[in-house]
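In the part that follows, the structures are each spelled out as structure tokens.
Presented sequentially are two complexes of chain A, the first with chain B as partner and the second with chain C.
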Partner chain A sequence: MRKVARVETAFEVFRIVVGIILAYIIAILITISVTDTSLQVAIRNFMFGPFTSKRRFGQLMGKYIPYLFSGCGMCFIYACNRFNLIGEGIVNMSPIFACMVMFGTPLMTNLPIVVNQIIMLAVCGITGGLLALVPAFAREKLGASEMVVSIVMNNLLLYLSQYFLKVSVADRTMSQLASPIHPANMRFTRIWPNTNFTTAIFYGILGVILASIIFFYSREGQKIRLVGANRTFAECCGINSTRSLYIAQIIGGVFAGWAGCVDTFGLYDRYLYIALTNIGMDGLIVAVIAKKQPIFVPLSAFVMAMIRTAAVTLNTSADLPIEFATMMQAILVLFVAAENFMGGWKNKIIFGMTEKQKAAEKEGAAA
Partner chain B sequence: MAKQLLKMEGITKIYDNGFMANEDVTFEVAEGEIHALIGENGAGKTTLMKMLFGLEPVTHGKIYIDGEEAHISNPLDAIAKGVGMVHQHFMQVPNLTVTENIVLGMEPGAGQLFDTKKAVEMVSEASKKFNLDVDPNALIRDCSVGQRQKVELLKSLIRGVKVLILDEPTAVLTPQETKQLFVQLKALRDMGYGIIFISHKLEEVMELCSRVTVLRHGKVTGRGNIEDLDPVKMSNLMVGRDVIMKIDKEPAQPTEPVLQVRNLNYMDDIGRRLIKDLSFGIRAGEVLGIAGVEGNGQGELTEIITGLITRTDGEIYINGTETNGMTIRQIRDLGVAHISEDRMTYGIAADLSVRDNMTAIYLDRADFKHGPLMNIKKINEFVDQGIKDFEIACDFRNEPVRLLSGGNIQKVIVAREFSFGANLIVVNQPTRGIDVGTTDLIRRLLVKYTRENNVAVLLVSSDLNEILEVSDRLLVMHEGRVAAQFTDVSKVTDMQLGEYMLGVRTMTAEEMGDLQ
Partner chain C sequence: MTDFLNWLGSFIGATIRMATPLMFVAIGSCVTQQGGILNMAGEAMMLASSLFGIVFIGVTGKIWVGILCGALVSVLVTLFICFAAFVMKVDMYLMSISMNMALLGGVIFGMWLIYGVKSHTAPFVIFDPVANVRIPLIDKIPFIGEILSGHNIFTWIAVFFGLFTQFLLFKTKFGLRVRAVGQNPQAAESVGINPRKIYTLAFAYAGLVSSFGGMYLSMGYQNFFIKNITANRGFIGLAAATAADAKPGLSIIMSILFGLAYAITNSLKVYIMEQQLLAALPYLLTTVLILVLSYWRYTKAQRLLRENRKKLAEMRAQQLAEEAAAEKA
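Moving on to the complex of A and B:
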């Protein structure tokens, strides 16, 4: 039935492509119907806007890099059927601890930039992993829904991060709550000056490679996939499913911590978050589009980043609110997650193939 | 000629994975007849009936009820059009009473109120009318299997169906209960109902039915009146060769004890004692069969031995080690392989590949790992060898298991469980619902492993043919206890087994002899 497997894969890809195209068409139609923008301008801005200047492409990359991390992290959580959305809060919280090390201790002052970047990633990753344990513990040990706990915790972490910043390393000379300016050796430097395209991209690429290796080639990753696919079966095989569920959620937390790290220390000069960033939630969408497989995250993260950037472009060129991007994401996810979208067509092809095969068998037998 | 109640014409069913379960099947049922639909497990009988009952959509073909074309989209629709089904696994709520189960969805009473008295009256009346004796106020969980089947029949009849589908109704019954069921079915036939009797037990078909339709590999291979057929003809139509598979085996030469169970007790979470003071043992080099009507503690016994559920008390030694408090993993490490009766839940992860499924128990084995990573090269070699040795019909090792047929899925499980050098193999219904080739392969392997590798096998099966063919020693379980032991399985008859399975007779300790 190799052919059936092929048809299934082809339809998976096709469904995503059709989903993207439909989302774009709907978005463009709405744009031209509610604004004064002409069809031509809308298409140009929406589809090619992010590629029209270096600055805009940099803006796209600025969104893309954190998505690489948060998307990979959510692949692990989603692959074991847990909807731990703590990534959102982790993005806000984990850089605070890195700021504390940065400004509160002399540790990083004279270290080379690469070492400092690794320290920042380590602090953010560890914080993320530990924070992700809370909803995981609530679920696996206490039976409380990890989704509810994590959503509640996201708000808690937002305000807690503000509080920690205020009592620790906040820059008192600023009129708003912010950290001091990140020193030149404690940030991800810009590859193109005056754009958001930073050296964090290299860590992003390494992150995707690492996630893919863990997911497909490590024993723990294999156990996570088995537990997610059929927990009862995994337990019958002697796999400690609770342990795997914890590990998956910790990995998800670590990656979300890294997403927060590259965003804070790449895009901004100071820690400036005063609201949730949506990077964690978008990570879930990236994982859904990537079909829970880290190897496809670079593609799905790019689609997401493009939608977000296109929305910003439209926002500046036409009078369309930036929230418009959220609607596009919803349309996209709807088509990607709806497994029966074009299911009838797929079945028709599979049925046709089977009938053809049977007919050929009969002919062969007759001959 | 009797009026035609139902006609299924040119029915073809192809599943989403491309598997053709039925091909151009035509099937009729007339008023006042019991029509047998026979075929091996996996021949497409159940699929055909699922389409008739609205559980599966029809790919091609037409269904006529009372001469009119009917489009059946769901079971409610089927019942409204006069088709009822008694499933092999009863669709009942154990914590509700017989009456509540029967009237579920059509409760009498004004507005939102439930008129219990009227419901009981309805059930009593129906029970009298159809001669199906049930206690309307008993809880389903307290009813015997035979009683529950009557409840299932009443559920359909009270809704006014004219065609009744019975999916292997005797699989869960004792011979005595089967006889009673037949009397009731004949009475329903005489009232004008059309009954579809799905079975692969030919002697039952000969006794009960007037017409037969035979399916093989999803196609009709024969149909006719029962007078024109005999079991040999029917079996030829079913499998194209002799149905009973003989396994030539040398006498077992059991050596040291591998499994010892002493005074085992198990009580489930609603307080039923399913295993009572059970003691027995298995030695290396023998197949111990456990026969019994399903639900007499055999399933729980295999789950306790393999660590899936926890015993209430008693001792279990595997290769001399007491397993109390051990995890599934630790028990597996003692050398236990397990093939569960529900392979889709306990045996595989359907969406993962053949490779992932075959290696699920080997992830921590020294030769399959490179530190925290898997040794992909070794794993691929192992999987390819397994696919070859066990003749698994798949196109490539990364094909999702759900795209394979039932028999090949079971081969994937067997390949995994039989390849790690276990010396105790616990199997529960290993050949249920799979093709004859795989059935034969699995049975032969079980015998081969005991003879060549000195393995001990615990075989639980409701297929008497299987249990009598494969076992070297046979225990019969009834109500959680051993009711009989046969050391010479070749001399056991079906009737004898039936009496012990039902609990009509129980051997004394002296008659049973040494159970270890």
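Moving on to the complex of A and C:
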């Protein structure tokens, strides 16, 4: 049995790698067929584009850090088979409350930067957790589709966040709707000057460690996974499945809040969002590529950040629309999440192994 | 009084206009929901048809060809999702979400490939939008005329689809099979129904109906395709179907109720100056509506459960009393 499990794990990893490679090949083929880019340039831009300069790598990191959080959060939500996509709206909404604390109260004015960063993360996390409760309540208590509620709410949160900003701490000297400049002690400082590589990466690493511990080693994490795998069985074991589903979605919301926090206070000098960021939605794809396991999120988030950065690079170098990246994501999902992709081959190997084992057992019995 | 009636008539007319795309998605979603799966890909279906309908009008110059091809593209997108879900075994909802995301960008990519622009198709495909129908005689009646007459052909197609789908689901063999699969796929399989085939057919039908919602936006409501044309109407339509308990006729009424949120926002433009608040309003009203309707259904279900339990307890008590009486005798 252990051998079969090993083959299955190997195939899981192999399938993800093949899926990524196939998605890249399709993307490169489309790039060279619709633009004047040569194959070499397309490969260079796609595969190595983000590593060609410090600035581009910083850009990659700017995408990578929020994905670490949103991916981990979605692992919890997706692990219990819920499609609560409120993360998208939380990314826009949660920093507004942090801005209100920053600019509306004197609390953070003279505090050291690390304490301020923790306060910002706490405010964004709490906001995220509370907001995620709405679709969770709609689903678990009222039986409405959490996905529909969350997607409609994402737009609601986008416009409400702008309205809240306008009536609270907006910078009236700016022509567009924006918050005042984040003070030096109330942001994530840049590790490399003039790039998006910020100290938020350390919080990102801590976030992944925290998510992994909760997911694999805590009682709640075990419950969430069990409820996701088989809710009836979990209930038969005496687990309050509704409670676990709530907790999973709250954790998802908290992580989405953190994603919004590191994005707003790391990448930008002010709160500038005027549209949805896609960080929450991409978090779902990150979780899918990571097979719902936070421990693999650093790798899958890197793949996603690579795709997004490569799309930006191609947009500037080959004039290929940035929307191209969303199509590539769908191809990735198709190959990575498909259980039957190379399933026949896997079954053949497992059958072969079992037959061999049987034959060996027969021989042993005959001897 | 006449002024008020005129205003009310035009307000209801506007509500129906806003509700038309929702009706199509809601009707399509009813079929899949009766089959046991929510139609999460309404956005993808609408987006694909709204762009490609326009593209084929541009190529052939004929609106009916555009409508046919738009519907076909939408069905193809649906079949691709079914292939991914039933053959490749990707989670249906996950594939639908990623298709929505892919097509949100994909249609812009397609528009760029075909026309070299990323904003809208207005200067490239010029045609008269699908006409509004003025009903003679009724048109002249002051209040009723405003409500019933002057709607787009697409609105009447939605009504037709609503009635036809109601018939299809509740009066035909196919409908019975869809509902059987929705109730219990294993039981349906045991009597020789192939659930995968039924799911695929139900989804293809949903794709066909939903495509008209997308095409109404790009061919009836206006005559060009623009970025993010659907603005989450695919999900709101699905919410209407869920609120209507997957009944096509009722889902049309629910769509009108959800369309009301947009119409209210439009008429409040004069009174509310806060642009952001106004933009948030339809989504706020929709969220509240979904929650209220879900709460209503939840309390109804709870009440029914309580009543049934009570009845069961009474029956049991009666049975016990009868048994005791029989023993005594």
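Keep this in mind: the second predicted complex is superposed on the first by the 367 of 367 C-alpha atoms of A that agree within 3 Å, B and C clash if a C-alpha of one lies under 4 Å from a C-alpha of the other, contacts with A are read in each partner's own complex, and residues count from 1 in each chain.
In this text, a residue touches a chain if its C-beta (ideal position, glycine included) is under 8 Å from a C-beta of that chain, and two chains touch if they have at least 3 such contacts.
As the structure is a prediction and not an experimental result, all values here were calculated from the model.
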Does the chain A-based superposition show chain B and chain C clashing or fitting?
fit
First (chain B), second (chain C), both or neither: which does A:P321 touch?
second
Give the label of whichever partner, chain B or chain C, reaches more residues of chain A.
C
Tell me which partner A:N347 touches in the superposition: chain B (first), chain C (second), both or neither.
first
Please work out whether A:C237 is in contact with chain B alone, chain C alone, both, or neither, and reply first, second, both or neither.
first
Once the shared chain is lined up, is A:V286 touching chain B (first), chain C (second), both, or neither of them?
neither
Given Cα centres, how many degrees, to the nearest 10, is the angle at chain A formed with chain B and chain C?
70
Touch check for A:R219: first (chain B), second (chain C), both, or neither?
first
If you stack the two complexes on chain A, which partner ends up touching A:A5: first (chain B), second (chain C), both, or neither?
first
With both complexes placed on chain A, how many Å separate the closest C-alpha atoms of chain B and chain C?
5
Both chain B and chain C contact which residues of chain A?
none
For chain A, which residues count as touching chain B in their complex?
1-5, 213, 217-220, 222-223, 225-226, 229-230, 232-240, 347, 350-351, 353-355, 358
Residue set of chain B touching chain A in the complex reads 14, 16-20, 23, 59, 306, 308, 327-329, 332-333, 338, 340, 345-352, 356, 359-361, 363-364, 369, 372-374, 376, 394-396, 399-400, 403-404
List the residues on chain C that touch chain A in their complex, please.
38, 40, 84, 87-91, 93-95, 97-99, 101-102, 104-106, 108-109, 112-113, 118, 231-232, 235-236, 238-239, 242, 274, 276-277, 279-280, 283-284, 286-287, 290-291, 294-295, 297-298, 301
Along chain A, where are the residues that touch chain C in the complex?
34, 83, 85, 138, 141-145, 147-149, 151-153, 155-156, 158-160, 162-163, 166, 177, 281, 284-285, 288, 321-327, 329-330, 333-334, 337-341, 343
